[in-house]
Amino acid sequence: MMTLDSKKMIKIFNNIASKVEEEKAFLTELDTAIGDGDHGINLARGFHAVAEKLSQMEEDDDTGSVLKTVGMQLVSTVGGASGPLYGTAFMKAGAVSKGKRELDAVGFLAAFEAAVDGVKMRGKAVPGEKTMLDALCPACDALKISIAGGDDLKTAVWKAVEAAEKGVAFTKTIIATKGRASYLGERSLGHQDPGATSSLLMLRVIAESL
Amino acid sequence: MKKIINSVEKVEEQMIRGLVKAFPQQLKKLSCGNVVVRATKKEGKVALVSGGGSGHEPAHGGFVGEGMLDCAVAGPVFTSPTPDQIYEGIKAVATEPGVLCIVKNYTGDVLNFEMAIDMAKDEGIKADYVVVNDDVAVKDSLYTTGRRGVAGTILVHKIAGARAEEGADLSSVKAVAEKVIANVRTMGMAIKPCTVPANGKPGFELAEDEMEIGIGIHGEPGTHREKLAQANKVAETLLEKILADIDYKGREVTVIINGMGATPLMELYIVNDFVQDYLAAHEVKVYNTMVGNYMTSIEMAGFSITLLRLDDELKRLYDAKAAAPALVK
Amino acid sequence: MKKIINSVEKVEEQMIRGLVKAFPQQLKKLSCGNVVVRATKKEGKVALVSGGGSGHEPAHGGFVGEGMLDCAVAGPVFTSPTPDQIYEGIKAVATEPGVLCIVKNYTGDVLNFEMAIDMAKDEGIKADYVVVNDDVAVKDSLYTTGRRGVAGTILVHKIAGARAEEGADLSSVKAVAEKVIANVRTMGMAIKPCTVPANGKPGFELAEDEMEIGIGIHGEPGTHREKLAQANKVAETLLEKILADIDYKGREVTVIINGMGATPLMELYIVNDFVQDYLAAHEVKVYNTMVGNYMTSIEMAGFSITLLRLDDELKRLYDAKAAAPALVK
Amino acid sequence: MMTLDSKKMIKIFNNIASKVEEEKAFLTELDTAIGDGDHGINLARGFHAVAEKLSQMEEDDDTGSVLKTVGMQLVSTVGGASGPLYGTAFMKAGAVSKGKRELDAVGFLAAFEAAVDGVKMRGKAVPGEKTMLDALCPACDALKISIAGGDDLKTAVWKAVEAAEKGVAFTKTIIATKGRASYLGERSLGHQDPGATSSLLMLRVIAESL
């Protein structure tokens, strides 16, 4: 049975950091179109700090503690809207994972659900408002169904990625009512949401790294 | 991107250092980050903390001083500072009567300030906040993020700052800040975009004969694009929107003709020439006018018009002494 | 050309009207032209008159007020006003102790002011003038026009203004103005040119990676062109030239980091961060620093650095009360 | 014998006004290269005012009085360096022509010499400094020689035009030491002086109109 321990988790976060750095310009470009052109810069700054923090951390078996560290680091380095949102997500995931030396499919799902709830709570948004939730919520649903159906973690996460891809595409078709893109009104149509895109990127890195 | 800087990474820190070095008797920078506080902490009064992304200079560091802010927290350009930065600022100036944070209505600013205030409260600091949302370019709806906070924020600093300096308690300072927020409206436009240093490319592009109406202060596009018109026509467009939002007729107002950063004073004065006549014709009495760069978007060219509806209390506080780098009364 | 104006012909007049309307208690415009005087004439003191072409806002109209100028005469953009305009200004503020004109060293300004002063003298007005020439970019030679007058002029306004307000006689006010002129030096640069409205085309063109060093304030090219360098390097170039001209070592100075009109405060603060360290390292003690747009070139982007060597008298006068739109002390 | 009465003189000033308006952009362009880009604008404003003033003036037989009016009008409308210089020139020319109902060749020369002396006195410049004097002084010399040699006024003025043309060409080869162009140092080389050029234009209009 495939599980995720804290070592693997740290590797995944390093991979996310590289990916975000790689896609920094792309994410920033998306945010220039309908926001203020800093989403890639913000996340790159944050995950760079996460990677550095994790490399300095004493070995820690507790997956909850790793996730909490990531969340706190994001909160204190990203800024903007996405900082508190992603930060809260990982902190909440850490809270439900506290004390677990490894996450199996069910544990991963619990962490993911907690993360998504954290984003909803913090940002007071729901799916359909052209935010990261339009990637995260369908992904969470897909994950849940897949795991309930007996898929292993890797398969389930890939299904979540597929759902997130559709969610990102969906954001092109709707008007933003949360975040900076909402200032544009109808002019936000046709553009994909930067936060939904970064959520998809992270999920894909997880799927590839598992 | 053509800028007078040393490196994209050092913009915020060198800028804050440069500000503080220009006013060493009045300001100091906390060693933990880009947080500006008064050189001498003032006890016994409500402390005012503001901040947000950098790129709006002189906001907000330039408004730290007697009669205005106690602390300004500067994030990266156009990006809200993080909760721990804001918390350090709150902690540094916190007094027994408490701390009021003045937050502009952006998801990032609101979320980060809320988290910081929670942290401060956990440490036993009395802290509260108000959210400024004066930009009538954006629809104010329960189902959206609501209007943005823009140049009107300066008047919240000024008036709440004066009330705090008078020794009012936290709820009274908050109440007068909310009174300003309820009575202040702003609308802006741009003829040239700005470039976030770390990004390197302008937030939008405009043809030689185009302007953006309903612009914010983060280099983002406005609500719509038009052919560039005469200054009077442009000012009229903005004023119509402002006057339609709340009733200013027969009332006294403070006016801000605010430059976006690269707008020559020449143009702001030309705009003011029209604005004053327009207001007189619409039976709005001008109590005072400010013309200059107060809430900018780096090197954006354009301007915003702000009107604050006054009553006797607001007039008294508006006129009260202020001694901040960017506002002396 | 992209500007927020109504028509090229009305730029100067609408701008002056807009300035005066922003400060109706402090300023008024003479009906005969673009001449700004204090709303209430002050008798019994030497009256100070300055002026020159428009396009340098807030100079000079923004420096009319208590402790500074009594009158500012505005010509067309970058073109000296005519003798009759200047004469009207002199006549409007002339007092028994006399009138001192503060003229920047440009052929046009000097010739027109000289003719106006002759006209005033013919009418029995006691009048004299000083010529400001602080720009070290230009060689000072008996056989040339000599150095230009640039941002240092503001300090002549401030200090001579304070001395006049003290009630000193004409020769004493002139003497202190000349002391400032002897001790003040400026050097500037630009990264983007400006466009005279009536002309429609920029005064020079710069590639994306170029800057002009030794720029004046009339949109003209500078002394030479270089690759755009880091802010610190640029500031060092300007400071070296200034410090080489007169000896500042061991002395106290006032510093102006002056924006050319479209330079964001962000960049001026970054420059100041370096300037303060550089001066400290060269044993120049900073008494006070001004950072902002004081003497501009419409929408030129760039900055100048001004150093004024102080003594006790200059410090006292520099610190004296001032209440002009663009300078409050 | 060809002479210049005040009627003809007024016609000439109207022609100068048209010419300056026509060449406004050109003069301004020259001034953009080595000055502050307003010479054409300044002169056009001034001569427009001159033409208007002359059209409103009561008929006046005195050439001196016409010249003085022109000079005063230029002083009070042109501004910059060229305003007081050209203004003084015509005022001085007016002073020596006072009371003359017409200028013959000798009278014209006297007026022209007074004008050039006025520019020298006001601007404290000499030929060779890249100013209008580099057109005016050689023109004055040519005028003098031609008239002394017995040429009629029109011929003499055409010779002055030729000399002024050479003078304008000469300004390209020297470094400015007076006026704004002097700030450029060696960079003023290769450019022709706007003021010398406007002097040439005016002279040519006179020659053509005689």
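The first chain written gets the first letter, and so on, giving A, B, C and D; residue counts start at 1 in each chain.
Note that in this section a contact is a pair of C-beta atoms (placed from the backbone, for glycine too) under 8 Å apart; a residue touches a chain by one contact, two chains touch by 3 or more.
Not measured: the values here are computed from a predicted model.
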Take chain B away without moving anything else and the assembly reads A | C, D
By Cα centroid distance, the chain farthest from chain D is A
Whole-angstrom distance, CA centroid of chain B to CA centroid of chain C, is 29
Separation of the C-alpha centres, chain A versus chain D, in whole Å, is 76
Cα centre of chain A to Cα centre of chain C, whole Å, reads 55
Going by residue number, chain D touches two or more other chains at none
Within chain C, the set of residues that touch 2 or more other chains is none
Contact graph of the chains (line, ring, star, complete, other): line
All chain pairs satisfying the touch rule are A-B, B-C, C-D
Seen from chain C, its contact residues with chain D in the complex are 53, 75-85, 106-108, 111-112, 115, 137-139, 143-145, 148, 196, 198-199, 201, 203-204, 216, 218-221, 223-224
In the complex, the residues of chain C that touch chain B are 2-7, 11, 14-19, 21-23, 54-55, 57-58, 62, 191-192, 208, 228, 230-232, 234, 257, 261-274, 276, 289-291, 293, 296, 298-299, 301-303, 328-329
In the complex, the residues of chain A that touch chain B are 28, 32, 34-38, 41-42, 45, 75-85, 122-123, 177-180, 182-185, 187
